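Naming follows writing order (A, B, C, D and E), and every chain is counted from residue 1.
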Amino acid sequence: MTAHSLAFGRILRFGLLSLGALIFLAPYIFMISTAGKAQSEIFSSSLSLIPEQWSFAENFTKALSRVSMPTLLMNGVIVCALIFIVQVVVAIPCAYAMAKLKFRAARSMMVLVMLGLLVPIHATALPLYVAFDRLSVLNSYTALVAPFSISVFAIFLFLQFFRAIPDDLIHAARLDGMSEPGIVARVIVPNAWPAITAFAIFSVVAHWNDLFWPLVVVSNQDFATPPLGLLYFRAAEAGDDYGALMAATLIITLPLVAAFLIAQKRFVEGITMTGLKG
Amino acid sequence: ETMLTVHYPMPGFFKDVMETISKKFMEENPDIRIAFANPSATYEEGIQTIMRQAGTTEMPDITFIGLNRLRMLDERDIPVDLGPFIEKDGNMAEQGFSENILKLAQVSGRQVGLAFATSNPIMYYNADLVRQAGGDPEKPPKTWDEVIALGGKIKALGNGNEGIDFRWQGDDWMFSALLFGAGGRMLNEDESKVTFNGPEGRKAIQVLDRMVKEGGLPVLTKQAGEQAFVAGKIGFAFQTTGALRNTIKNVGGKFDLRTAPIPLIDPVNGKLPTGGNAAVILTRDAEKQEAAWKFAKFAAGPYGASVVVPGTGYVPNNELAAKSPEYLANFYEENPLFRAGLEQMPRMIPWYAVPGTNGVKVTQSIVENLSRVVEQSATPEEALDDAAAEVESLLPRS
Amino acid sequence: MASIAAEMPIASIGRREARIAWLLAAPAITLLFLFILLPTLAVVILGFTDFELGYGGFRFVGFENYAELISDRTFRRSLSNTAIYTAIVTPVSIVLALAIAMLIEAETRARAFFRTVYFLPVASLLVAMATVWQFLFHPTIGPINTFFAQFGITGPNWLGASGTVLYGLSIIGIWQSVGFNMVLFLAGLTAIPRELYAAAEVDGARSWFDRFRLVTWPMLGPTTLFVTTISIINSVKVFETVKTLTEGGPNKASEVLLFTIYQEGFVYLRVGYASAMTVVFLAILVVLMFLQYRVLDRKVHYA
Amino acid sequence: MSVLSLDNITKSFAGNAILNGVSLEAGQGEFIALVGPSGCGKSTLLRIVAGLDHADSGEIAIGGRNVSSLAAADRNIAMVFQSYALYPHLTAGQNIAVPLAMRRLTAAQRLPFIGDFLPGQRQIRADIQRQVREMAASLKIDHLLDRKPGQMSGGQRQRVALARAMVRRPSVFLMDEPLSNLDANLRVHARGEIVELHRRAGVPTLYVTHDQSEALSMADRVAVMIGGTLLQLAPPQEIYDDPAHIEVARFLGQPRINVLETRMDATGLVRFGALTLAVETAPPSERRVLIGVRPEFVRLRPGTDGILRARIERTEFLGSEVIIHARLDAIGETIVARIAPADAATLSTGMPVSVEIEPSRMMLFATTGERLRAKTVAIASSRERAHG
Amino acid sequence: MSVLSLDNITKSFAGNAILNGVSLEAGQGEFIALVGPSGCGKSTLLRIVAGLDHADSGEIAIGGRNVSSLAAADRNIAMVFQSYALYPHLTAGQNIAVPLAMRRLTAAQRLPFIGDFLPGQRQIRADIQRQVREMAASLKIDHLLDRKPGQMSGGQRQRVALARAMVRRPSVFLMDEPLSNLDANLRVHARGEIVELHRRAGVPTLYVTHDQSEALSMADRVAVMIGGTLLQLAPPQEIYDDPAHIEVARFLGQPRINVLETRMDATGLVRFGALTLAVETAPPSERRVLIGVRPEFVRLRPGTDGILRARIERTEFLGSEVIIHARLDAIGETIVARIAPADAATLSTGMPVSVEIEPSRMMLFATTGERLRAKTVAIASSRERAHG
């Protein structure tokens, strides 16, 4: 490996990555470009990324005025936060019990978890809808959050992570006088942050973007989540207002991208499930 | 004070319209308050929502349903029969609701709704391309033969230009336009047998076939077709007048956009299917029903029409609105593009929906067979016969 | 749960541990039953009825729905479409993700940037991005075909023609899932002991490819198994793009399982029949996963 | 009265017996080292005493009170783990404070924010802080109290773990190979510290180690466990000089004890080379026996004039001593001698040597392993051969 | 001609010098042990020799050929890693075969399915199999060839790693603490095996260890590296008995060498207690010097009549010997003695003793650490005090 071939390899690698990045970014480039174009400019025979007349202001104004963005974003934050918190609060003790305590149901739990991973919400939407209607909880945060309160993926992820936590640490905690719930709260959770961060990204991404379930259970606009807001820019029969649609999409995508940028290092670490580095 | 929950589809389209109308309505009726439920993206999703919510507390009081889906709703006994209200009113014609207009939202003689926004298929064309191809934009083609010939020439211009975009996807509306235009019917009188594979149907599907073969009709998805047309790459586009406002916006100054009535295979007896939606009352509460009836009439009435028409491109579903200068007369003077739809109003008949539970499947079956023609994977006759056979099997067994 | 716990005498430490384990797992188990098992059971039961949305009652029809499924052309079409889609998206997205992960891992600069860029599609609202894609894929004015046109190639009618629509959708599917897989692979890569690479070099693994074959690929076995599982599940669950872009068309060329189920259940409103389809769908997934684990698990876990 | 007593503890995992009736008593302030090969059940025994695992049968009493059914948290036992098991998210100070906070503060007082406003807790917290600082000072880690475990060296972590265990007065102290992660120099240093702390605390201590020099140098008594059975429990010198079982002799002593097989006749006389040993309790019949002799009691002399002759196979220089492996001509087995470098200077590989063993240092064992007490009765002057 | 030669190798990571010009020559079949405290750069040096890392400056030659610019795969070096670095997905047999397959089969022949049909490969594969089996037999792991590393014990894995390294004739053999994961008995056993294998292969070997008894007992020469500098490279006995630097003396020997500070006058005379030592090369001026004496040369006698008096602080019984820590009355420092148990019987904690040191065994070092050669000139009979 001479210095020359090394440099060549690096350039090739960097080039490949950049090319791939460009391809992956292409849709976003068009999205941003479209968000800046006047409606009459969007579809034309000549391809141009830079708008002839800058209409960002106009499209973003439309995006913000046509729907109540603050309400949508707020609902998105509330729903995602609730789902995430409940999922974590439910999954961590369960994963802890499965990973570190001896009990006979652990094996069958594992089977249930794997099965749960397979059932899409689309499949069970109808029975859930009927049940929620009977309980008169449609159109509420409860309806939006409840079906996702149990995340088998979370259990799976935490289980892997907890297995790497040394048994001795838990034994030490018991000898120090902690109860099992105390161990979960004081030892497991503080050390599971990488895994929790990793899961947070998966969970928030999925539910921030979920269109299917909110569409089913929410008819009251007060509970609409961001994807529902995008509906206001769609007019199937007559062609969409693409400029405003892209502007709105940008607005609701940006928070997630920012969140990922901030958390991405911990995220990858978390999935690595290397356990404790203390 | 009565509170009405209103549900409507396609918010990208109707949101402003609905808000304007309801604002005005509440001004005039201070004892009624309108609240909007979360709208649905399409007619289909709208119906699903209503079906799911039917009988639950979530059910809105009033909704707007695609005209071809009224039958399905009626068979499930979801809409409130408006007959008694009309009888009580007595003077519907004076309010601009002619018998013809009321009929659009009747199912087997029952008044299940009040047509709110109606449309018919028209011809959009790119005058620049027509001129380049040697046609005269001032004299748009009147027959399918002319359209196909000119389309072929436009395609021959090259440079990615296509001759025709015909919106055959999604549902059977545009097929109906060809079929009705030839004087055909979907089923026989007593709705027991398929008739769209008769001579009229054959002519209709042959026209489609020729559009592909000679007229430069490419295989495009619905959106792709619209986009290509507004980009100036397609000579003729056949679709609902309802898309007019958006098309104008999308085209901007890129080319000279014109509209004209759609050619009819039988120019004398030809009819056209009516698209659009009707206000349907769902609430079982008598007091709310009264309020809802008031709102439905207001929305479908002249004021409503004067909001809907300029904002969308739909044709006025109220005779007062079209004629009275107070409402739309001046508008049509100033906006000639909107006139094509208006001119065709006399030919509008209800968009046909087959009886039984398989209504949606029937439409899907027809669309699929049309796609075989467009993709040229089947001869028009094969496709038509297959469609007929399939639809036949989907009809309710009597 | 409480009753089970109460039956246990507090006598032994082992029992106490089991009891606490039950208590800790109880919320999860309860919710699992409520929101996954019970609804699934309801779906199984509905599969034996002729329930239609909008009509009040229903009756049990035994295996009639299943009998109808066998002769349902649409269903068979959507089965094969789903299989093709999965067969394209799963391997390609895994291979691409692995390649990208390895490139990023080897690259020292701008790692955060690349990670974010490739993950972006995962974090985006697919319904909205689909509209962008459908413009990119536009046969005449779309950027992709315009690009091809520069070289005198007439690009395919991506989403419009029944011959190419599945490939078009697959490209979107790959674009969307690569980031997810990549992140998992990145995690897997960091867990490989550096010393194994050193050993491989000393053993004479000269080329990059030798080291990959000797160390990287086998060591990523467990990760790959997990990624494959998730990828297959997600590919089989493809829905949003089909719904927004093609509606199963043209001529059923893009009918996929979940879309067909949705269509039957929510558009044709035949809930009973759709439920039967769902049961078959779930059964297929379960069998697939079972087979996969039987075949691969042994090869992959070496400890 | 013994402060910790284990009575006939048995345990099996999945049908494999891991502990076969272990009994043991530790007095106030006694330091017992538990040694044995890997997998012999040392950790399992400790875990049972701590209440982290439960015995299949047997009883554990602390201070005369049966604790078998008490949970770990209630036994007031302190344990130091091989991996230290410090809480990685807490500072050293917080780590040390945990056992005190758990016992002294109520659940409510321990709550993150609310707890700070409950009455009485401030006083207790200050008290805990003081104790933590005292403990830290006595272990010389007071300057580390604000560091997290990740920022400390192995030796520092070990002392924090010790401090956490010792900060409260436990009734029993358990340590599971607490020094095995340290390097040689630190380990020697830490031994002294542990012994010192133990002396001050005066709490009975069970100390598991696989390092025999640790066991011998630190403990009051050493317990040797092999295969789940406690073979001997005795003071270090006794266990080294006078092992009750061949496995004990084999386990302790580096290099290992030389074991040579020979034959005992029906009268209880054992001949080995020129030597005759008489077994004290006469056995029923002729049988095979084992002779054990530690390498430091084997002497090698150049030349072939000795009673036992051998040839040097390998020499290992260890700085302060030399280990020599020699093959006995008579029986073809290898005997190991430990010799001072000065004495080894005259010996080299391949050289024939005479082997001398101090008769009083020879130990006799039955083939089953039990020690056979014997006394030397005669040393023949003839050059006899050792029995095969 | 030396077979491996390192010339002035330097290396720094992020500005920290890790290796400061290390030079070393190993002859054909020579076994060199590289010892030093953790972090001193041993592994780094090995990795540089292997070509896994590259030096900042300096040259490496193997068999007279400069290999500095060769990739690891092309240097024909075999290495055993501390963690064994076995491929977990391959069986022992496959692991051992890897280096042979990599060198003997072409890239095409190694392809999974296609490779099986290419000409010539069958013959080579059979040949490789034979070699693997032979190697395995000589290390007694032939019954393990079908097991994966996860199903083997530490000792078995270590032998597989050795086999993988030795199966081909490398030009140099590198081992990075290959025994550190084994328990004491296995380790002693494995030492013998490695030495034996090395002898048979006759390849120059660099062996990194932190275990001094390993280094002293196995190596032809021992290289002591401290802080990136090679302080001494000499045969074991020389390095132990005659260290060139105080750090070398400190690093080797267990317990550690006693180091006492004293003063040297301008004439080069050092007085310690009743002893006067003369430094051979006269120094420029009066200064402080260090006296080193190994514990085995310190003798303790009950009573206070000796020249140096001390009080016993702690005794550690280690079975075959006793370590005694005594505090010197004069300077308050602790001196450690290593004594046979028989001699220790008369000594107990707290007892005042006389300390005797053999003058010829005292070593003199400058405060910078270099050895100062000295000879004894006088032993005063008066009871003088040691200098502070």
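Everything below uses one rule, namely that a contact is a pair of C-beta atoms (placed from the backbone, for glycine too) under 8 Å apart; a residue touches a chain by one contact, two chains touch by 3 or more.
Quick caveat, the model's predicted, so the values are computed rather than measured.
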{"item": "Steps needed, at fewest, to go from chain A to chain C via touching chains", "value": "1"}
{"item": "Most distant chain from chain E, judged by the mean position of its C-alpha atoms", "value": "B"}
{"item": "Centroid spacing, where centroids are CA-atom means, of chain C and chain D in whole angstrom", "value": "55"}
{"item": "Length of the line joining the C-alpha centres of chain B and chain E, rounded to whole Å", "value": "91"}
{"item": "Chain centre separation (chain B, chain C; CA means) in Å", "value": "38"}
{"item": "Per-residue overlap in chain A, given as positions that touch at least 2 other chains", "value": "43-45, 240"}
{"item": "Residues of chain D whose C-beta touches two or more other chains", "value": "51, 71-72"}
{"item": "Chain B: positions in contact with at least two other chains", "value": "52, 160, 223, 227-228, 231, 233"}
{"item": "Partner chain A, residues of chain C touching it in the complex", "value": "14, 17-18, 20-22, 24-25, 27-29, 31-32, 34-40, 42-43, 46, 100, 103-104, 106-107, 109, 112-129, 131-133, 135-136, 141, 143, 146, 175, 178-179, 183-184, 186-188, 190-191, 233, 237, 239-240, 258, 261-262, 265, 271, 275, 278, 281-282, 285-286, 289"}
{"item": "Touching residues (chain side chain C, partner chain B) in the complex", "value": "52-55, 131, 134-135, 138-141, 149, 157, 159-162, 245-247, 249-252, 266-270"}
{"item": "In the complex with chain C, residue positions of chain B that touch it", "value": "44, 48, 51-52, 54, 73, 76, 78, 160, 162, 169-170, 218-221, 223-224, 227-228, 231, 233, 357-358, 360-361, 367-368, 371-372, 374-375, 377"}
{"item": "Residues of chain A touching chain B in the complex", "value": "38-45, 66, 129, 133, 136, 138-139, 215-216, 218-221, 224, 228, 231-241"}
{"item": "Chain E to chain D touching residues, read off their complex", "value": "37-38, 183-185, 188, 191-192, 210-213, 216-217, 236-237, 240-241, 252-256, 294-296, 314, 316-320, 323, 338, 341"}
